[in-house]
Amino acid sequence: MPKAILGGIEIEVDEDGFIQEPEKWNKEVAEDLAKIENAYPMTEEHWKVVNYLRDYYLKYEIAPPIRMLCKQTGFDLKKIYELFPSGPAKGACKIAGLPKPTGCV
Amino acid sequence: MPKAILGGIEIEVDEDGFIQEPEKWNKEVAEDLAKIENAYPMTEEHWKVVNYLRDYYLKYEIAPPIRMLCKQTGFDLKKIYELFPSGPAKGACKIAGLPKPTGCV
Amino acid sequence: MEGETPLLDELEKGRWPSFVKEIKRAAKKNKAALDLLKVQELSYKDKITHWKHGGIVGVTGYGGGVIGRYCDQPEKFPEVAMFHTLRVNPPAGWFYKTDALRKICDIWEKYGSGMTNFHGSTGDIILLGTKTENLQPCFDELTEAGFDLGGSGSALRTISGCVGPARCEWAMIDTLDITYNLTMEFQDEIHRPRWPYKFKIKISGCPNDCVAAIARADFTVIGTWRDSIRIDQEAVRDYVEKGFDIESVVKKCPTEAISWDREKGVLNFVAEDCTRCMHCINKMPKALRPGLDRGATILVGGKAPIVKGAYLSWVIVPFMKMEPPYMEVKELLRKIWDWWDENGRTRERLAELIERLGLKQFLRDIGLPAVPQIVYRPRSNPYVFLRR
Amino acid sequence: MEGETPLLDELEKGRWPSFVKEIKRAAKKNKAALDLLKVQELSYKDKITHWKHGGIVGVTGYGGGVIGRYCDQPEKFPEVAMFHTLRVNPPAGWFYKTDALRKICDIWEKYGSGMTNFHGSTGDIILLGTKTENLQPCFDELTEAGFDLGGSGSALRTISGCVGPARCEWAMIDTLDITYNLTMEFQDEIHRPRWPYKFKIKISGCPNDCVAAIARADFTVIGTWRDSIRIDQEAVRDYVEKGFDIESVVKKCPTEAISWDREKGVLNFVAEDCTRCMHCINKMPKALRPGLDRGATILVGGKAPIVKGAYLSWVIVPFMKMEPPYMEVKELLRKIWDWWDENGRTRERLAELIERLGLKQFLRDIGLPAVPQIVYRPRSNPYVFLRR
Amino acid sequence: MARTDIGPPNYRDMLPEIIKRNYGKWKYHEIIRPGVLKHVAENGEELYSVRVGSPRLVSVDFIRDICEIADKYCDGHLRFTSRYNIEFLTDKKENVDRIIEEVQKLGLPVGGTGNCVTNVVHTQGWIHCHSAATDASGIVKAIMDELYDYFVSMTLPAYVRIAVACCINMCGAVHCSDLAVVGVHTKPPKIDHEKVSALCEIPTTIQSCPTGAIRRHPDPNIKSVIVREDLCMYCGNCFTVCPAMPLADPEGDGVAIYAGGKVSNARKPPMFSRMIVPYLPNNPPRWPEVVDVIKRVLEVYAKNARKHERMGEWIERIGWEKFFKLTGIPFTEHHIDDFTHAVETFRTTTQFKW
Amino acid sequence: MARTDIGPPNYRDMLPEIIKRNYGKWKYHEIIRPGVLKHVAENGEELYSVRVGSPRLVSVDFIRDICEIADKYCDGHLRFTSRYNIEFLTDKKENVDRIIEEVQKLGLPVGGTGNCVTNVVHTQGWIHCHSAATDASGIVKAIMDELYDYFVSMTLPAYVRIAVACCINMCGAVHCSDLAVVGVHTKPPKIDHEKVSALCEIPTTIQSCPTGAIRRHPDPNIKSVIVREDLCMYCGNCFTVCPAMPLADPEGDGVAIYAGGKVSNARKPPMFSRMIVPYLPNNPPRWPEVVDVIKRVLEVYAKNARKHERMGEWIERIGWEKFFKLTGIPFTEHHIDDFTHAVETFRTTTQFKW
């Protein structure tokens, strides 16, 4: 597995840059990831999304459905893409330190 | 509901003589029921069946399948009918103070 | 009695024989029958049944054969406060000598309501309505008269077979003998419930299935043959000459195995295409007859909707010879019961269990070969369990 | 290159055009193609895929359209260590001008492996294999050339329609226009996954269903008509005179709606019995033509086996007029998406959801009337949910 | 103590002599008139069977009446069919007319053979069953009064088998009948929480529900169950195992009507009956709406089906949409299956009629 | 930044002039020889389409080659069919032969029309997919080399559509094809417990299994799952959501073969393909056993089916038992369905052939 320096620490990431050591995630890691995903600087709105994703994941061990994400944050999908140009999966989930969404492509 | 005096106490029974107040069941009640069901005097073998039924019921809230009853007591069905001429449902379950078996007729 | 049952009285009118008339007839001599009439009138008025749930009553040594029944208004209708029915196992094929029938009538007049069902839908003689205390003496007299109880509860039910070789030219197996033989062999299974649920066996002499076995029996035996239909071409021509519309018959052959050559006056027949549906034979009994290599198709799982929905029986053995003492069938039955009893949940009929565990599993456990005749078509899904 | 891939070389032999030859052709100019060839040879040897699971890569602003792919032996095959595909939305009906195609070729030669699928099974142009860093510039040039990405992930997938009115006399609806119109309307749904799972729309001009919509689309639009087939009896006779075996055609009409009157030389037709299966029209295109009251049957739920098994699409609207701007269809789609998104579980396709909640529930929630055309036959079970 | 397990009488002892002689040796049969079969044996002997309709629910005197006829003309033998009809068996052709005469004196119809409406298989209803959502004998009487002519003749395209069951347990072959009436509840069980604990095994009760509608009572102090009404389809399976959960209700109870089932393997394989009317209220004593539907469907069938086509075969040929059109019975959302194997009924083709 | 959401090119810009003129106004067509369609418009104009087989997995130079032909004879227009074939469209009859000549120079077959074996719908296989249990392009090549003559002629009773999918996800219409080859795994997933926690959502993984075979690891310290192997049928759905559970295995992987599916509504409604061979091992590069079965079935069909009968229509008419007999393919317990709607395939009649 490749390693990356994120938030000043070395973390294992997969080929797509998703972190593989979830326990190492922190605000700084997120911000560095946000740079990669063109979501930097992170505003309150960014954090709202990222925090929601993280909380949901920690509680349920899964990423929330998009519909839920929109409902709960109050952002429509357009807005999410404005905040995270690479989208909720590749962008927001990566920044939130979630495992790489699989599911159907 | 009709009442019956069983083991010296008054207990509600249904038309078929199944007791309706399970908490009042005791050894004496069982023996009086055994008289009605032609299973008196109750031998150790009778008690083995009755106790098994009761324990099973208290644990699982249901009467055990006949197959299980035979397996666990070591008696075949013929033997059960010798002990309880009106059979495991009408005879043994009644004596054990279980609710009336419904299921299919 | 007159005028007391205005609703039911309506049902004395009309051309079809009236059950109300029958109850009234019995009510003239029997108080329980009179109360039955009144309860029924009340139900017609209230639009609801007045019979309570369940009841466990019976005779010594048996776990079934009696359906306990209590009225929900015992004070108003004391004569039917208890109104249990006895299921009496009829002779195979429902053949009777009148003296036997009369004996039943006499016994039932003595101990019961005088009302009966000839027969119940499973095929029993239903003696409708008596008190708990009458059950044992009534039973005792019945056995005296040569009759025994049928099945109820989680037991083997009364077996039935079509009229078969007694009167039908198409009986490929001896339905009556099989019915009787199995009934005698499995008396214990009939009288002493032991399984997760009821189990029914029905036997039809040919694919016309005159006891509706395929729809109603957990274990269905249907007579069939393996060789070719026998055709008397002379007799075919005779039908046609008498104005019989043979084209309409040929047209409905499901496999196009037959065709009518008008020119030559010959009914062409491709034996290997025929699926022995009986249709052409049915329509020309004088000219066409089933083949001579006879036996039965065994199917399992027919039943009504409770719990998981209704099922038609499924072929498990396409062809089995049926010779007394029918050891192969008995052995198969025992294996099936064992498997079902071991694996089945309470109130799970055989079909539901097979659906749950898979027909493949069933065949394997019972030791029956997988042949294409067992299915209409192979699976469409790719989901093959290899390690089960 | 020669001799290095003995297994694949076998597949250069034979009469059917060879994909191996194609890879080799690309490999001459392109290192990734050469590594692809080698990986494939290795798979042929090892009998296992050498591509790793998944990968999330893409272009800015989109959530899909690119399938990320990594090789499991990146050291050995560095040129295909990353080997992502782009799904490019083709013009409706897969019509191309050569200049457009050439542009794609040029772009792909520049940024990718030079290997393609014309087309993928959903209908996209598949540009097979490039590195992450090339995705965005490649995409940019593609849009420059007038092309955009198709769908992937839990999104609306690239819509496809049959050749339809462009070249087919049986197109009852304008498949190309509908395909294009819906594609433009739902760009957002195509590019930004948002649902429980994928969603596919396919449009066929008539019941021949030349895009296999009924088997593969969550939302299937199939052209049909309501009035009578138009018959040119003269032309029918002409067929017959030229030796055409009309009886063989008539015999296969599923409804017996047509019959051939040999004497009169007339093809009898009972319009109300015809179910518009196309068979007779297909066989006599010069003589029989569909009716003129045209529209579409809408079906939903077609899909491959994952998870609960494969489904064919189910009729939900027997007939709908299809006029631009197709508002009715768009509204229906939006309602369905909303219902599915609200009720569906992750990876639950529409069919599975409908099966779980019931077609009745679906129709009710979507506001569609229950008509008998929706089912083959009514329920056989007595289990009616009245309070759901 | 009584003997047990003696089994039924041996059928051999019940057979008429001519049958004993020709057992398994019948060659062919003819229906010489409605209700009268003639079976000819290989050796040329002839057996006549006179088939007679019975209401099934009969008094012992009824049995004695028919015994008398059997004694007079059939050497004391008779049989019943698998559909409750009585059959008088005789080897004397001249007895046929006499039997018919005597039978008719008793008010019983001769018929039930060939392409007729034969006797109606049915169940207990309010006469004896706790589970009944309707009466059976009454509906049968009302129907057969109306269809009497079809019993005594043989003018239909094929066999028509009618069945009536008083609840969806469907005692009988209702689920595979050409026409069927089934009693249905339409209200969820009313739970008597007091009684549940004494009368019912709670796990069994919960497990009994095919749709998982039953749960333990949320209050752990109440040893009972609750029902999610939106998941209930009134099957009554819970009531069967738990008497404290009755579903019967004068307003809710009624009947559903089914069509197109069959059992025989002739031509098409056996088929299930399918719902044609989801609900009609109980309207005793004569259930006129029910009788009307049955008669209407029968007559549309008689007029439209081809020769040899059973009801279901006819409907499958013309299509169910056409059936609803021809009969004028309204199609509703309740006709659409939503139980376990529902998807098999969904139309996966653009082929249909208008 | 690039423009987004521009959508595909407008098809109108891609259409040849003759099509623009006659859009929606075609009157009839003829197949004037295998691979060549003639469509006649209401106004009498004629359009010729030359259909050409393609391996689908092609280099850009291949595309350029065909563009060249289209430039020469088709005013720079061409199209692809829904089954990967290339179509050259021209209003000049005289161009047809020239196109054919040029196409054949490229080594491409002209055909795929009418009652032929047309191009094989297929998928990625080892060329690009992580899920593949076999290769697709290779099997297609092996099959079509053998069936080439059926592509360039029109001698079959009806259309034959073949499809190949490299795993049971069945990308394509494999599940409704006359003949189909499907890659299958036959070993349960090998779980990499280390990776599960980083790569997989455990609840999603558990829920993904159609048979409920997946459970949480019994050791709460191990954030992973376990699989009950007796409940696994190797569908790979878990692998799709959890990369740490691969099923691929050189020994276990292979293909199953299906037959009798169709999509069109002509005559019989669409049908699913049905399993005829549960498993054959992968035998690259030419999968001879697979090719053999496909060819054998095709030839038995060609010999026995009636005119206009698709594979599935033929089989349903003669019965599957007869199909197995005629083709000599052994029937095994694995052919018997035991998934969700299995009961619909169980035979509920005594009607069958020997």
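Should a chain be cited, it is by its letter among A, B, C, D, E and F, assigned in written order, with residues numbered from 1 in that chain.
To be clear about the criterion, a contact is a pair of C-beta atoms (placed from the backbone, for glycine too) under 8 Å apart; a residue touches a chain by one contact, two chains touch by 3 or more.
Bear in mind that the values here come from a model prediction, so they are computed numbers and not experimental data.
K.L.:
Which other chains touch chain B while also touching chain F?
P.N.:
Under the touch definition, chain B and chain F have C, E as mutual neighbours.
K.L.:
With respect to inter-chain C-beta contacts, which pair, A-F or D-F, contains the greater number?
P.N.:
Result: the pair with more contacts is D-F.
K.L.:
Please state whether the interface between chain C and chain D is built from the same residues or different ones, using more than half shared residue numbers as the mark of same.
P.N.:
Mostly the same residues form this interface, as more than half of the numbers used are common to both chains.
K.L.:
Name the chain whose C-alpha centroid is most distant from the C-alpha centroid of chain D.
P.N.:
B
K.L.:
Provide the C-alpha centroid distance between chain A and chain D, rounded to the nearest whole angstrom.
P.N.:
Taking the average C-alpha coordinate of chain A and of chain D, the gap between them is 33 Å.
K.L.:
As a quick test, compute the distance in whole Å between the mean CA positions of chain B and chain D.
P.N.:
The computed centroid separation for chain B versus chain D comes out at 66 Å.
K.L.:
Report the inter-centroid distance (CA atoms only) between chain C and chain F in whole Å.
P.N.:
Result: the chain centres lie 48 Å from each other.
K.L.:
How far is the middle of chain C from the middle of chain D, if each middle is the mean of its Cα atoms, in Å?
P.N.:
51
K.L.:
Would you give the residues of chain E that are in contact with at least 2 other chains, written as numbers and ranges?
P.N.:
168, 170, 175, 204, 210, 235, 240-241, 243, 261, 265, 270, 272, 339, 341, 343, 348-351
K.L.:
Give me the residues of chain C that touch two or more other chains.
P.N.:
Touching at least two other chains: 53-54, 60-62, 67, 188, 207, 214, 222, 254, 277, 305, 309-310, 312, 346-347, 380-383.
K.L.:
Which residue numbers or ranges of chain B touch two or more of the other chains?
P.N.:
62, 100, 102-104
K.L.:
Between which chains does touch occur?
P.N.:
A-D, A-F, B-C, B-E, C-D, C-E, C-F, D-E, D-F, E-F
K.L.:
Within the complex, which stretch of chain C touches chain D?
P.N.:
Counting only chain C, the residues touching chain D are 305, 309-310, 380-383.
K.L.:
Name, in rising order, each residue of chain D that touches chain F in their complex.
P.N.:
Residues of chain D touching chain F: 7-8, 10-11, 13-20, 22-23, 25-26, 33, 36, 39-40, 43-44, 46-54, 59-62, 67, 69, 83, 85, 89-102, 104-106, 108-109, 114-119, 121-123, 128-129, 136, 139-140, 143-144, 146-148, 160, 162-163, 165-169, 171, 174, 176, 179-180, 183-184, 187-188, 191, 207-212, 214-216, 222, 245, 248-249, 252-254, 277-279, 282-283, 285-286, 289, 304-310, 312, 345-347.
K.L.:
Give every residue of chain E touching chain F within the complex, in rising order.
P.N.:
Chain E reaches chain F through residues 265, 269-270, 341, 343-344, 348-351.
K.L.:
Any idea which chain E residues touch chain C in the complex?
P.N.:
1-11, 13-15, 19, 23-24, 26-30, 39, 47, 49, 53-64, 67-68, 70-71, 76-82, 84, 86, 89, 107-109, 121-123, 125-132, 135, 137-138, 140-142, 144-145, 148, 151, 168-176, 204, 207-208, 210, 235, 237, 239-241, 243, 246, 248-250, 253, 261, 263-268, 270, 272, 282, 284-286, 306-309, 339-341
K.L.:
Hey, which residues of chain E end up touching chain D in the complex?
P.N.:
168, 170, 175, 182, 184, 186, 188, 210-211, 229-235, 256, 258, 260-261, 272-276, 278-279, 316, 318-321, 324, 331-339, 342-343, 345-354
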